[in-house]
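Several structures are given next for inspection.
Note that chain A is present in both complexes that follow, paired respectively with chain B and with chain C.
Up next is the complex of A and B:
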């Protein structure tokens, strides 16, 4: 256990050092990423104003709060992608990982977790500027802040596991990108990334209830901005824990089959 | 006799490779009916390696060397046969096993590209749970041995190929593995760099009694480090024994150099003339005829000096592969 902790801390430290080297690139990336929520925000604010000041309980200021927190949650959602997996296997880097006395997922988890530390630091001034422009209605309690803190890391874990599952398809086909695009389309609609889930048709919300996507996007945002009742606030963390468990088991099972396949073909 | 560190018995690895002719027609046909070819990358090989041995694993490209090393390190599952390294079955990739081996591939980079090697070494310390004072001592010793004190502080991406290889090797050995699988560790390096890496491997083997299985296309590596070689071709072992014995077994010729009294003496009747440099002539003479030919050279010509040598190992190996391929 101590070795794992040491490994995580050292790997995170390395990720921080690496990402600081690319601070300008990181910042440009984050600025570019802001374009997406700003478009959503402008569109929905316009709709809200046209409908007498709100849509489904969201005022322009509430949308601003949602989409500004969105930018942080989106960054927390950046994990090792299936594209990364493709390259990793094609370049033989997975072989190098397999020679280490630790499961490769610890490398992905720790490295990207370190990156998040940099992301959060860089995000703060960006969020301040967005807040000055769009004047969000943010009214949260400290309990919500604590839940939000755990929820963004929960989202990170779930999405890591989901994309690891997708990435591992690379063990069977070298063209996983097409499947990722399909996944991405579902995620966009069913996670709260495009629009708060409460604005979606009821049948979409019912489908989303059976899927993990909203726990990686909509829930962490709403835990801070939507004044959720305590049952929903804490229950969300429970749902995240459940999905972390389910996806971790799925990763473990798929890894067993995938690695057998990889070890038969190799690279 | 000590228990072998590496014991391989009837080890095979076969790959089913899809293949088709070029062109649209063949491509369309392949959509409905795919044809495959079975490639026996490693075909029922057996050998064992004793503790502390440094063995050269030789063969042309595609002979099965890397596939064998990958099976020994647990990256590939064998199709057949048994393999045990340090008593472990490599394909299970037991963490205790992985802590005792290393696989260095000359063309692959395992250190963080953007950071100085010192940072990556820290990660290896954490990964292998190396006690800090031991880690620092080993790291500094290796840095000194390979003379890379000023390089380990530069981002790895700023290092030359040879410099990078040196720091890669340090990273790969910080956990002081007892078994080293080295796949072309000196590939693409200049002669000085090759020599330094060879010296380091030899010193590591001496200090830690490590067992080394080394593939290299540079015979200088093999001659400097290995008393024993295993020659593999088309997935089968052609030779396993002393390096000196390889020449004995496979070389059908001797190299005879003779210094004559004048430059224009005709020696073509004694053997194939390989080189003529003034009055010094180098001949290639069938092994069975060497004694008779040298006696004739001495008696029939006015020879000032005569030496008989085995051909370079490199030539012998090349000849073995060429013969096998024909």
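Up next is the complex of A and C:
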């Protein structure tokens, strides 16, 4: 255990130092990412105003709060991509990872976790500017802030596991980009990234309840902005824990079978 | 002039031949286009589940906007973006020497070198969505309107090209432009909706800084019968201005290029 803690802290510190050097690149990237929620925000604020100031329980100010917090959650959702796995497996870089006396997933988990620390720091001024422009209705308790803090890291873990599962498909087949695209499209609609889940038709919400996606996106946002009743607020963390468990077991199983198919490419 | 056409055509042919080697990519592109279309339609359906019009635009009208957006996106990814990415790489690595030493206008050669055939799938897809929108609009489309529509599309394409060229040319001074490409993609995505819905500051950006408004919204307005002569004259004037400006910025950049002695 001690060994893992040391590894994570060191690796995270390295990632923090490294990413801090690329301040401008990181910022440009984050600004480019802001376009997407701003578009959603404008469209849905327009709809809300046309409907007498509210749609699906959201006023324009509530939408603003939702989509500004969205930008942080989106950043927490950026993890080692399946395209990265594709490269690792096809080009044999995985061989080098296999030589280390630690599962490769710890490498990815800790590196991106360190990066997130930088991202959260950089996000604060961005959120301040967006708040000045769009005037969100933010009304949270400190309990919600604490839950939100854990929820974004829960989201990070679930998404890492999901994308790892997706990326490991490369062990069996090499043309995977089409599968990824399909996955991302479903995720977009069923996670709360496109719109808050309460705007979805009921049948879509029912499907989403059986899937992990909303726990990586909609729930963390709502924990801060939507005044969830205590049962839903804490229950969400429980659901996240459940999905972390399920996806971790799936990753472990898939890894065991997948790694047998891996034939190293020497470099 | 004849030589330029000949050159463009030759590069086009080489591009197509290259892409023909990877036929499976066609099916992957097809699937990706369908997925993108699907999410676009889901977005539209969601909006119109909660309202009957968006700032005065009805569902079929927004479908037309989406069609133009997909079509123009296909043109950008087939012909404009690949060239500009190659150019950015060349500037960064100093391999632009090879293009500059060719006995032909440098701006022409850096603009026609690449062509991604399979991205044309999106152009076709855009046309299909457009035709669907026109049928749903039930207004029919006169010959004159169709011609004006085609003309604004061409003008929009030229404006986007000029914008990209200037953006990439800035690499002569600031070297790294990848993040800007990311920024452009974000802003282009805003064209999925008519620019009229955005707040004034964003609308101005989308009109004059990144000419998404002229590339997508203006042609769509002609289809839905909302355009005015002033807008058309404005589009023409802005195109001419951007062509001249892009030419100027390009020649300034090339003069600033010191090569890396490959």
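We adopt the following convention: the second predicted complex is superposed on the first by the 262 of 267 C-alpha atoms of A that agree within 3 Å, B and C clash if a C-alpha of one lies under 4 Å from a C-alpha of the other, contacts with A are read in each partner's own complex, and residues count from 1 in each chain.
As a working rule, a residue touches a chain if its C-beta (ideal position, glycine included) is under 8 Å from a C-beta of that chain, and two chains touch if they have at least 3 such contacts.
Every value quoted in this text rests on a predicted model; they were computed, and no experiment measured them.
With both structures placed on the common chain, the touch criterion links A:39 to chain C but leaves chain B unconnected. For chain A, the partner touching the most residues, choosing from chain B and chain C, is C.
In the superposed model, A:242 lies in contact with neither chain B nor chain C. In the superposed model, A:146 makes contact with neither chain B nor chain C. By the touch criterion defined above, A:6 reaches chain B but does not reach chain C. Applying the stated contact rule after C-alpha superposition, one finds that A:252 touches neither chain B nor chain C.
Touch criterion met: A:28 reaches chain C, while chain B stays clear of it. Once the two complexes are overlaid on the shared chain, A:95 sits against chain B while remaining clear of chain C.
Looking at the shared chain after the overlay, A:129 reaches neither chain B nor chain C.
Taken together, the two complexes place no residue of chain A in contact with both chain B and chain C. Partner chain A is touched in their complex by these residues of chain C: 24, 27-28, 31-32, 35-36, 38-39, 42-43, 46-47, 49-51, 53-55, 176, 179-180, 182-183, 185-187, 189-190, 192-193, 197-199, 202. The touching residues of chain A, when paired with chain C in their complex, are 24-25, 28-29, 31-36, 38-39, 42-44, 46-47, 50-51, 55-56, 175, 177-178, 181-182, 185, 188-189, 194-195, 199-201.
Looking at the complex, you find that chain B touches chain A at residues 15, 67, 70, 73-77, 91, 93, 95-96, 98-99, 101-103, 105, 108, 110, 112, 114-115, 119-120, 122-123, 125-129, 155. Those residues of chain A that touch chain B in the shared complex are 2-3, 6-7, 9-11, 13-14, 17-18, 21-22, 92, 95-96, 98-102, 260, 263-266.
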